[in-house]
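Take a look at the structures below.
Note that chain A is present in both complexes that follow, paired respectively with chain B and with chain C.
Let's turn to the complex of A and B:
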């Protein structure tokens, strides 16, 4: 117990110090606290780190311009370790011990499926900024949970539209062996079959364990099956390993149509440099060069300035989520959990990836995935560029609310 | 006299635990729910370790079995919680019977290795059988609509769930205590000290070992069955060998020689973890140091060392 008191004391001292630097109005009140839950350890820790960058940037900007409801903002981070049970305990700790006003986070679909049903108990709004499983804005949806990032059906509808334009008929997949990998294949297959009934969805698929180091047997298995098109949902550090090994095995010289559903993540491009092959389809939830609007210009400039690299989609989602909360809290005029959650429903905001609306029917943000073909290296950013960038109409790629299984 | 004082202290601790939601910060309801569940898990483990002298490295298999049973019954059949607990105990006991049948034939390191091997097999099944167990994502999204027995309890309320857990853990611990003090329990102790001699007395050592293994499995299953609704997810991590190590650590930390030792160990383990992870991610490093010191200097554990000192103080 003593240790906890000591910790609380420490937080309030730090808060006091921050406040005295802030505006006069903010001094009177406690700061608004956000609780952020991301993967902060292990092989996928870069994703948590990038989310942190986006959040810190947004918080800095907001605090410099007077805060939210004239209160300063602070963020408490918790490590989900990529496990649902850990994330649920972290959310409880943030809500009940640290008294945060709102929650955001989650990198993994599996974690999201476990945690989302427990959110209403906390009575705090929760914005998912990365995890893509359709279930959390589908059959598991609830009045407190929102998602600002692109989900699997949105991305796979777009992917299927591109795949339908190619000549490839025999399609297969390589993806991580959990919700995300399996759902990617399910949605991609269904959409593609609908658009182009003559395609063949192959029996031979590959689902290596998330975090597997050696992808060689899976790559060989797929090459032996001789597909024409492959949708690959492997992501993060796994994707970096995968592409290096695939290069060695000549995977990209076989004339396949290769589509990476999370391939244009800047951290992956950064790690791979020119090892990322040219001429493959890459997608990302947000490509920093795809939007020409004020919010994006400001975000990209500030990000490049602060961190010296092109912003990752995960930074953008987390950054935009903080601004979504700012707008919702100001609209509600309070930080009260249920009121803020309600204010988010149907709210429209200007985010770096354009004008974004949280659909009231399922709380999914109407956003578009960005697809493009990998091009020459960027002269300054040290990563592959995207050519033929496709930004889709959010209404066209979104599932109709009736199909989501969500009844809000 | 001293026995009475101990009983008094134990009752006072239980009274404090009952009153916890009214005086402790809200977050501690979660911390203590976890302590109670892991404490029961560790005490069940100590029946085979501290009492019968068999070091199992696969005890999480039964814990996980209990967790999956409850989670799946809640998800698919929407059973009242109490029935799922009973089902979880039955299935975990059955699993322990099958695995124990092979394991109790061996002793010492071979026993430990075989339990570890079976534990990993069970883990792999839970991890890979996607159609049934939902693979690495585990079973989530279930609701607890009622407790059973016609009791009107709001199970979604963490304080209510804490009290339910407390009541069940206290009852389960009492049953285990009675078992450990019975003539059956005494034979288990004798087996730990000298299995040959017990055999010469005409007792079937293997059957006794198996019985203790199955009882431990049943109560580990109950602990797991309480864990899944608490975490709201049953995932393969609940069966992993690293979770099998936790009751070993808790028992050593608290002391294997006393019935309540593993409970004290579980409390220390969870509280230290909660506090230390607030400051640093290197919780395992710290735990390692504490355990190394315990094993080197206080082999009887925190509770064991204290009680031994206190019991002998005035004599």
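Let's turn to the complex of A and C:
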């Protein structure tokens, strides 16, 4: 591995030196290295692959237009395997052995909770682009860790605002049996109760284990309990299984208000095609059709061009994180870890999902959750469209810093 | 306690599908004395071959059900001739290491060929939709899974108890040297049994394809469940695989329905209880059974 890196380095130095004939001596420097940690194997590997696509796209764009601080950019990938211990090891390898300048990644809340407390020892900035647990920009927050993607409280505040407008009074949940599923229900329930005290949060909930495959018993249990509204945080392959089985059991014909917190993920819509029912509320961290701004137009076009499918939210988060680092490094005038971490605090940038600010108090990006109702199939992208799209004001859905438990 | 009927059918469906997969693992162990870690990866191959034939090539489900498991069996013959045969006489731990490596090779090959996207296969039209059963809608495909499980169960029982091939397999399992002395070509038996175990995994994969998502991690999930079944039922035992699979199916079906908050715990609790009172599994007779 070491040899490979040395060789790699030489090749890029030679390339840079050749290039520098035209552009001056600055390009002869070593490239800026990013270390990216995602799930690259097993059932959720598709998420890591999407992040990789977003990153590769950003790096290509940046290198084509002169790099960062006039240095080229390269990315090293590590597989977290969805395990905190593996992710921690990967981060140490990237920081100490590969000498990366900054880190990004993390697909799972469970991994993020384990990994984030170890970030300060690396002295490198870390941008989380997917994991949604409130803790990492809450009681586990630290000066090196940031999150650019929507977190559970932001998304559930938005969900509760929609739920409060419906006639449904008795609410329950179905979600994976780990931090993400339980925290989704906790925040959704608290926000909804606050906005509409007469709602009932049902005793009967269902938290099938992640990767359960057969959700039939849980779906039957919830249907027997006769709810009026259901918030569902099941995601990925589990969600595809869930929806196909729920279709079979007539779950969507009962007149429930159904809300899927990660239902508009393009990989899920892609696998389901028209099996995803129409008329249910779907959310995602980023919906490619929800934002009308220059950065989004450029990103969606470039992505469609390169990969031939609509961009997944995980691609957008990872793509935006690379641009966040570009802006922070240029503002700091250096790639020094603590300096870049400091430059990110309070920084505002134009991302595909709008104007994004990293709040200094907890390092959570002020981003806008989006929800929509599943509509007809998209004629070209082969997935369901979203209608009645609602993009929420970041300030309105974010927890006040005092409530996060973060003291920065 | 309403909905008992659907929960029972659901348990039976999960249990019988798990049986088809786990029994292959047990037969291979019984005859070859190998714990095949790659068994889950072979199940995944069955699902991906099914996906290729049905969703990519547009062939009928029934053709996939007949041919995809044969493809898996052919790959198993190659694995056996090129790799496994060198370790038959070695310690069982070596077979664990080798088959673990084979599992990784198959998983990564599948990922590099098919990508890591979530794939879905649709059931044939005749098995699509639901029927009303015991007052609630029940997917026709689930009934088909139960029927397939029962057919395979009956077929295996007949094979082992009523046919010459089955007797040879049992003889080779009991005492390979003696079987060889009786002019049984044990090398062919061994390869044949390994391929047969893989075929069962492949059948499980094709049956599972229209009801479960297909992704490169599906083999790892099923191998853990198969090991739970084998521990509960007894390593190397044919009825043990059935009992273990039905118990795990019931844990999922009834546990998920009536005790959803314990669904992470129950399978392992069941396994721990069996280990506590009968360390060799309910039908197990010890390591060489």
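Simple rule for what comes next: the second predicted complex is superposed on the first by the 381 of 408 C-alpha atoms of A that agree within 3 Å, B and C clash if a C-alpha of one lies under 4 Å from a C-alpha of the other, contacts with A are read in each partner's own complex, and residues count from 1 in each chain.
Criterion: a contact is a pair of C-beta atoms (placed from the backbone, for glycine too) under 8 Å apart; a residue touches a chain by one contact, two chains touch by 3 or more.
This structure is a prediction, so every number in the text was calculated from the model and none was measured.
Of the two partner chains placed by the overlay, only chain C lies in contact with A:244; chain B stays clear of it.
Once the two structures are overlaid, the count of chain A residues touched is higher for C than for its counterpart among chain B and chain C.
In the superposed pair of complexes, A:298 makes contact with neither chain B nor chain C. Judged by the touch definition given at the top, the superposed model places A:114 against chain B, while chain C stays out of reach.
When the two structures are aligned on the shared chain, A:41 is found in touch with chain B and with chain C.
By the document's definition of touching, of the two partners only chain B reaches A:85; chain C does not.
When the two complexes are overlaid on their common chain A, residue A:179 makes contact with chain B while staying clear of chain C. In the superposed model, A:140 lies in contact with chain B only, and not with chain C.
When the two complexes are overlaid on their common chain A, residue A:97 makes contact with chain B while staying clear of chain C.
Across the two superposed structures, the residue set of chain A contacted by chain B and also by chain C is 41, 177, 209.
Put simply, chain A touches chain C in their complex at residues 41-46, 48-49, 177, 205-209, 211-218, 220-221, 224, 236-237, 240-241, 244-245, 248-250, 267-268, 270-273, 275. Those residues of chain A whose C-beta lies close enough to touch chain B in the complex are 3-4, 7, 40-41, 79, 83-85, 88-89, 92-93, 96-97, 109-110, 113-115, 117-118, 121, 135, 139-140, 177-179, 182, 209-210. Residue ranges on chain C touching chain A, taken from their complex, read 2-3, 6-7, 10, 14, 107-108, 111, 115-120, 129-130, 136-137, 139, 141-142, 211-213, 215-218, 220-221, 252-258, 260-261, 263-264.
Chain B meets chain A in the complex at residues 25-27, 30, 130, 135-138, 140-141, 143, 156, 158, 231-233, 235, 237-238, 275, 278-279, 281.
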